[in-house]
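Each of the next two complexes has chain A plus one other chain: chain B in the first, chain C in the second.
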Partner chain A sequence: MQTFNPLPDKPAPAQTVGITGWLKNNLFSSPLNSLATIVVAAILIKVLPAMIDWLFISANWSGATQDDCTKDGACWVFVSAWSQQFFYGSYPDEEIWRVNLCLAMLVAIITASLRVKKELREKVFIPLFLLLPFISIAILDGSYLGLVQVDTDYWGGFSLNVLLAAASIIVAFPLGFLWALGRRSHMPLARTISIGFIEFFRGVPVLALFFMGSVMLPLFFPEGTNVDKLLRVWIVLVFFMSGYMAEVYRGGFNAIPAGQYEAADSLGLSYWQKTLLIILPQVIKISMPNILATFVMLFKNTTFLLIIGIFEMLSTTQTALSNSHWLGGHAEEGYLFVALVFWVCCFSMSMMASAIERKLNTDHKN
Partner chain B sequence: MKFKFTLAAVIVAGAATSLTVQAGTLEDVKSKDYLSCGVSTGLAGFSQKDEKGNWSGLDVDVCRGVAAAVLGDASKVKYKPLTAKERFTALQSGEIDILSRNTTWTQTRDTSLGLNFAGTIYYDGTGFLVRKKLGVKSATELDGAAACIQAGTSTELAISDYFRDKKMSFKVVTFDTSDQTRSGFESGRCDFLTSDQSQLYALRIGLKDPAGAIVLPEVISKEPLGPVVRQGDDAWFNIVKWVVNASIEGEFQGVTSANAKTLRASGKPGQKRLLGTEGDLGMKLGLSPDWAYNIMTQVGNYAESFERNVGQGSPLKIKRGINAQWNNGGILYSPAMR
Partner chain C sequence: MTTQTNNTPSDDVIIIQNLNKWYGNFHVLKDINLTVRKGEKIVVCGPSGSGKSTMIRCINRLEEFQQGSLVVDGIEMIEDVKNIEAIRRDVGMVFQHFNLFPHLSILENLCLGPIWVQKKPKAEAEAIAMKYLERVKIPEQASKFPGQLSGGQQQRVAIARSLCMNPNIMLFDEPTSALDPEMIKEVLDVMIELAEEGMTMICVTHEMGFAKKVADRVIFMDAGEIVEENTPHEFFDNPQVDRTQKFLQQILNH
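And then the complex of A and B:
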C-alpha cells in the first residue's frame, strides 16, 4: 500500500529571509528607499561618532564646580551640581520629604485606582483623587497643618511641573464636563455662558493667558491684596484646560447613540441620574485617548511658566546658565537633560494611556 | 455744572488715593519682619541663584542692605524673581517693597510710572567686545566692521547713533538670544559684539578662549542701574536712598565689614556718625542708630559688594571704571552724611 509521503517544505527564497531579506524589505525596497537609506547612513556615520564622543567618552562626569570640567566633551557636572534645583527648586532641604510625599500620593492613587475593585474606586479613590490638589497644597504650603510655611517662591523644579499639571487636570476634569453639559443645555443663559467661556479659552494662546494672569490681573485687585502668582497661574491653567476638556467631552457626547438617552428617559431617570449613570461613563470611555493626549499637552505647557518668572524646570535651567560661576556655555547639556526628562515622562504617559485604553476597551469594536 | 464738579472730585480723589498708596511701607516691613525684594530670574553678578538656592549679586546686596538697616538682619529678605515685563506691576501692586532688578533710570520711567528711583548702584552703558587679534584699541577704529547684536534690545539704537555721529559705517548681524550672539561672535560672523558692558564680561567668560577677546574702554550710552520704590511714600524712599548712599559713603570713609566694630568706638568723627555712635542719623530716618553699622558688618561697603559680586573676587572680573569713588577716577559720590 502506498503511503503518502509529503515532500519536505522548500526553504523560503534566500532573498526573503534572514538579514538580507530584512534589509531588502525594509531598507532597499525601492530605488527611492535605497537612496534614503544611503543618505541617512552617511549622515549617521558622519555625526554619530562625534556625538557619542561628546556625550559619553570625553564627557566630564564627576566633580562639583565648573573647573572640574577639564575634558572637551559634555560637562555633566553642571547637571549633577544643579540636580536638586532642577527637581525641587529652592524648597528647603529638610522639608523636601513633603514634595516627595505629594508625588508619591499622586503615583500611588493613580496606580492603585487601576487595580482596586469598582466599588472601592468609586467610593474612595475618585473623591481622594479630586481632593488631591488641595491636600497637596496644604502639605506643600504647610501653614494649615502646623508645619513650617514654605512660600510658593521656593517651590520649583520638575516637581512643580508635575504637581501643577496634575493639580490643573484634576480640577479641569470635572469642570470641563460641566462646561460641556452647559454647551449642550437647552437653557439659553447656561449655553451662552458656556460657549463664551469655552471659545475664549480655546481661542486665546496660553502664553497670552499667562501674561494676563501675571501682569494684568494684579492691577485689578484692590490695593494691598496679593493673590499668589502661582495660584493665579494655576487658575489660568485650570480654565484653559477645562475649555479644552469641554470640547473633548463634546466629541464623546456626540458619539453616544440617541437610544441611550431615550432608554434612560423611558426608565424615568432624572437629568442628573441619566447624565451621571448612563452618559458620563460612556463619554469618558470614548474620550479617553483624547483626554490623555490633552494631559500630555498640558504637562508640556507648564514649561511656558518660564516667561513669567516661575522657577519650573526649564526656567531653573536658564537661571543656572546665568550664574557667574557657570558661565562656560553649558546650554547644550542643560537643555538636553530637560528634553530627556520630559521625553521619558511623556513617553511613559503614552504607554500608560494605551494600557488604560486596552483595559476600558469592552466593545464597540465589532 | 454739578455733574462736572462731581466728575472732577472723583478724578481728584482717585488721583489722591493712587498717590498715597501704601504709605507706610516701613511699618509694613517691620510688622511682617521681612523685606519683599523684586529681583531678576537670573543675571550674572547682579541677581543670581546658586545651586543651593541662595541669592547673591550687586542688586541683591541692596535688598540685604535695606533689610540690615530696617530689621537688623540682612538675611530677612524674600526674593521675588520677576521678568522684565512684570517688574513695575509687581511694585505698583504692592507685591514687593523694593525693586532691585538692574533697572535703568530713565526720565520716562521716573515720571510716568508712579515710581521713584532711589539712586544708582551701577553705571552701565553699551560697550564693545572685540577679538584681540584685530588689534583694535578704540571703538573709533571700527569703521566698516560687522557687529553681533541681540535683537530687540536698545543696544541697536545706541550703536547706530554712535556710528552715524562718528561718520563711520558698520554692518549688523542680529541674533535672538545672548547665547547665540556669543557663538556668532565666536564663529567669526562679526568683528565685534555689542551689549551692555556688564553683560559683555559675562559673555566673554562663555567664550572658548576668554583671554582672546577684550572689552574696549568706550561706553556709548547711559544705563544707570538702581533700586526703585513706589512714589508717595517718602519715608521709605528716604530709607532706600540713604542705604545706597551709606554703602558708598562707607567705602569713602574707609569703613569695611572687618573694621566697622573698632571704628564704631574709636574712629574719626565722620565714621562714628555713620556708624551711629555720634549724632542721630538713624533716628531721622526712623531707624535704630546702628542702621549703617548693620549694613557695614553684614553686607559690607560698596567696594566689598562690588568686588565680591562682579569685580576681582568674582568670575566676571569687571574693573571699577566709572563706578569708582569720585576721588578715584569714578563718579560715585554720596551726599554728605551729617
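And then the complex of A and C:
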C-alpha cells in the first residue's frame, strides 16, 4: 500500500512577509501609492521637527505662573496651573472628594458588573447603575445628605462632561427602550407618538435643542418655579439620547429571529415577561457596540454646552484663557489639552466597542 | 401520564371546525376540520407551502385565523389574552430551528416557564428541569449554553423545555429537518418514548419510519386543504387520492 507523506512547509517568499514585504504591500504597492508615500514623508520631515521642538524640547514644563514660561516652546505651565479648574470647575477645594467619589462609583460599578456573576449583576449592579445619576446628584449637591450644599453654578470642568454624559445615557437606556418598543407597538397611538418623538430628537441639531431647553422647557414647569439650568440641560440630553438609543435598539430588535418571540409565546410568557426576559437582554447584547459609539458622540456633544453658559471643560478653558494673569496667548496649549483629554477617552471607548464586537462575533460562532 | 384507550367524545382535546385563514388575499387554510382525541398521535405531511406549519401554529395561536372555530382542551380560542395564555400553558411546541434562548443556560431555558408562568419556586423548577433533562438524556449539559450544544442536543433540550410546562398536547413542526442525519435518530427516539407514554401529539414531519411506528393517523395536506386522512398502514400502502400517491412517490423514490 502507498503511504502518504505530507510535504514539508516552505518559508513564504521574502517579498510577502517581514519588513520589506510590509513596506512593499502598504507603502509602495503602486506608482501612485509610492508617490503619495514620498510626498507625505517629505511633509512630515519638514513639519515634524518644529512640532516636536515646540511640544517637548523647548516647552516649559515647570513653574506656577506665566512668568515661568521663558522658553519659546509650549507653556504647559498654563495647563498645570489651571488643571484643577479644567477637571473640577469651581467646585470647592475641600469638597472635591465628592466629585471623585461619583467618578469612582461610575467606574467601579461598570467594571464590577462586567465581572460579577449574572445573578448579582441583575439584582444589585444594574439597579445601582440606574440609580447612579440620582445618587450622584445627591452627593454633588450635598444638601439632602447633610453636607455643605454646593450650588450647580460651581459644578464644572471635565468631570461635569463625564458625569453629565453618563447621567444622560443611564436614564436614556430604559427610556430609549420604551420608545423602541412603542415604535414596534401595534397600537397606532403609541407608535405615532414614539416615532414623532424619536425623529424629532434625532432630526433637530443638538445645539438647537439646548437653546430650546433653556427657553422652552421652563414653560412646562409650574409658573414661578425656578428650574436649575443644569437640570434643564440634563432633561434635554436625556431626551436627545433616548431618541438615538431607540434607533440603536431598533437595529438590535431587527437582528432577533422571529423564532425567539414564538418560543416565548408558546411557553405562555406574557408580553412583558417576553420583552424583559427574552428580548431585552439579547437586544442589549447585540447593540452594545452601537450603544458605546452613541455614548462617544454624546460625550463629545457635551462641549457644546459652553454656548449656553455651562462650565464644562471647554468653557473653563476659555475662562482661563481670558484670565488677566494668563493673557500671553496660550490658546494652542489649552485647546490641544482639551482635545487630547477627549481623544484619549473617546479612543479608549472605541477600542472597547471593537473589543466587545469581536467578542460577540466569536460568541455567535460557537 | 397514562395511556388512554377509551375514546368517548369528551376525550376530544382538539376540535377544529371549518377553519379558514388568509394572508391578505392568499387563502392559506381552506375549511380545515380535524378532531384529535386524548393520547392520539397525528402525523401531518404534505408538500412545502401546503399550510402544515400554519395549521398547527393556529392551535396555540402563534397564527390567528379569520373563520371557523378551534377548541383546545375545552378552551375556545377567541380574541382574549386570558384564553390564549391558558391554551399556551396546555400546549407545548417544538420548532424546526429549536429556538432556544441563546443568552440563557440550558437549565435557565428550562426553568423559565415553570418559574414565570407557573410561578413555581426556583428549587422546584430546577428539580423539574433536571428530571426532563434526564429524560432526554443530557443532564450533564445543564450549565452549558445553547450555542455549545449540537443540533440534536439542542432539539432535545427544546423538547424538555416544553415538557417542563407539563403540557397535555405537544406540537412538533418538522423537528428533525434542520438536523444532520446522524442526529435525527436521537431526537426521534425521544419523541417515540414520549408517544409511548401517551402524550397527545401532532407532528409535522416527513420521517415516514416515525409515522409508521407511532402515528394513529396520517394527514396529507396540499394547497391549504386536508386532502387525505388515514391510518399509516392504509396511507402508505393504499393511498386513496392521486395527489397523495404522487407525493408519496416523490418522497420515497428520491
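Keep this in mind: the second predicted complex is superposed on the first by the 321 of 366 C-alpha atoms of A that agree within 3 Å, B and C clash if a C-alpha of one lies under 4 Å from a C-alpha of the other, contacts with A are read in each partner's own complex, and residues count from 1 in each chain.
Simple rule for what comes next: contacts are C-beta pairs under 8 Å (C-beta built on N, C-alpha and C of every residue); 3 or more make two chains touch, one makes a residue touch a chain.
On a predicted model such as this, the values are computed, not experimentally measured, just so you know.
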First, second, both or neither for A:L219, with chain B first and chain C second: first
First (chain B), second (chain C), both or neither touched by A:S270: second
Which of chain B and chain C A:G89 touches, first, second, both or neither: first
Partner chain in contact with A:Q260 - chain B first, chain C second, else both or neither: second
Touching partner for A:P281 - first (chain B), second (chain C), both, neither: second
Partner chain(s) touched by A:G329 [first = chain B, second = chain C, both, neither]: first
First, second, both or neither for A:S348, with chain B first and chain C second: neither
Most chain A residues touched (candidates chain B, chain C): B
Residues of chain B defined as touching chain A within the complex: 17, 21-22, 41-45, 48-51, 53, 78-83, 85-86, 89-90, 92-95, 179, 182-183, 202, 205-206, 309-310, 314-316
Chain B-facing residues of chain A, complex: 81-82, 84-85, 89-90, 151, 153-154, 211, 214-215, 218-219, 221, 223-224, 226, 229, 307-309, 311, 315, 318-325, 327-329, 331
Chain A residues within the chain C interface of the complex: 257, 259-260, 262-270, 273, 277-278, 281-282, 285, 363-364, 366
Residues of chain C touching chain A in the complex: 60, 62, 85, 88-89, 91-93, 95, 97, 99-103, 112-113, 116-117, 147-148, 158, 161-162, 165
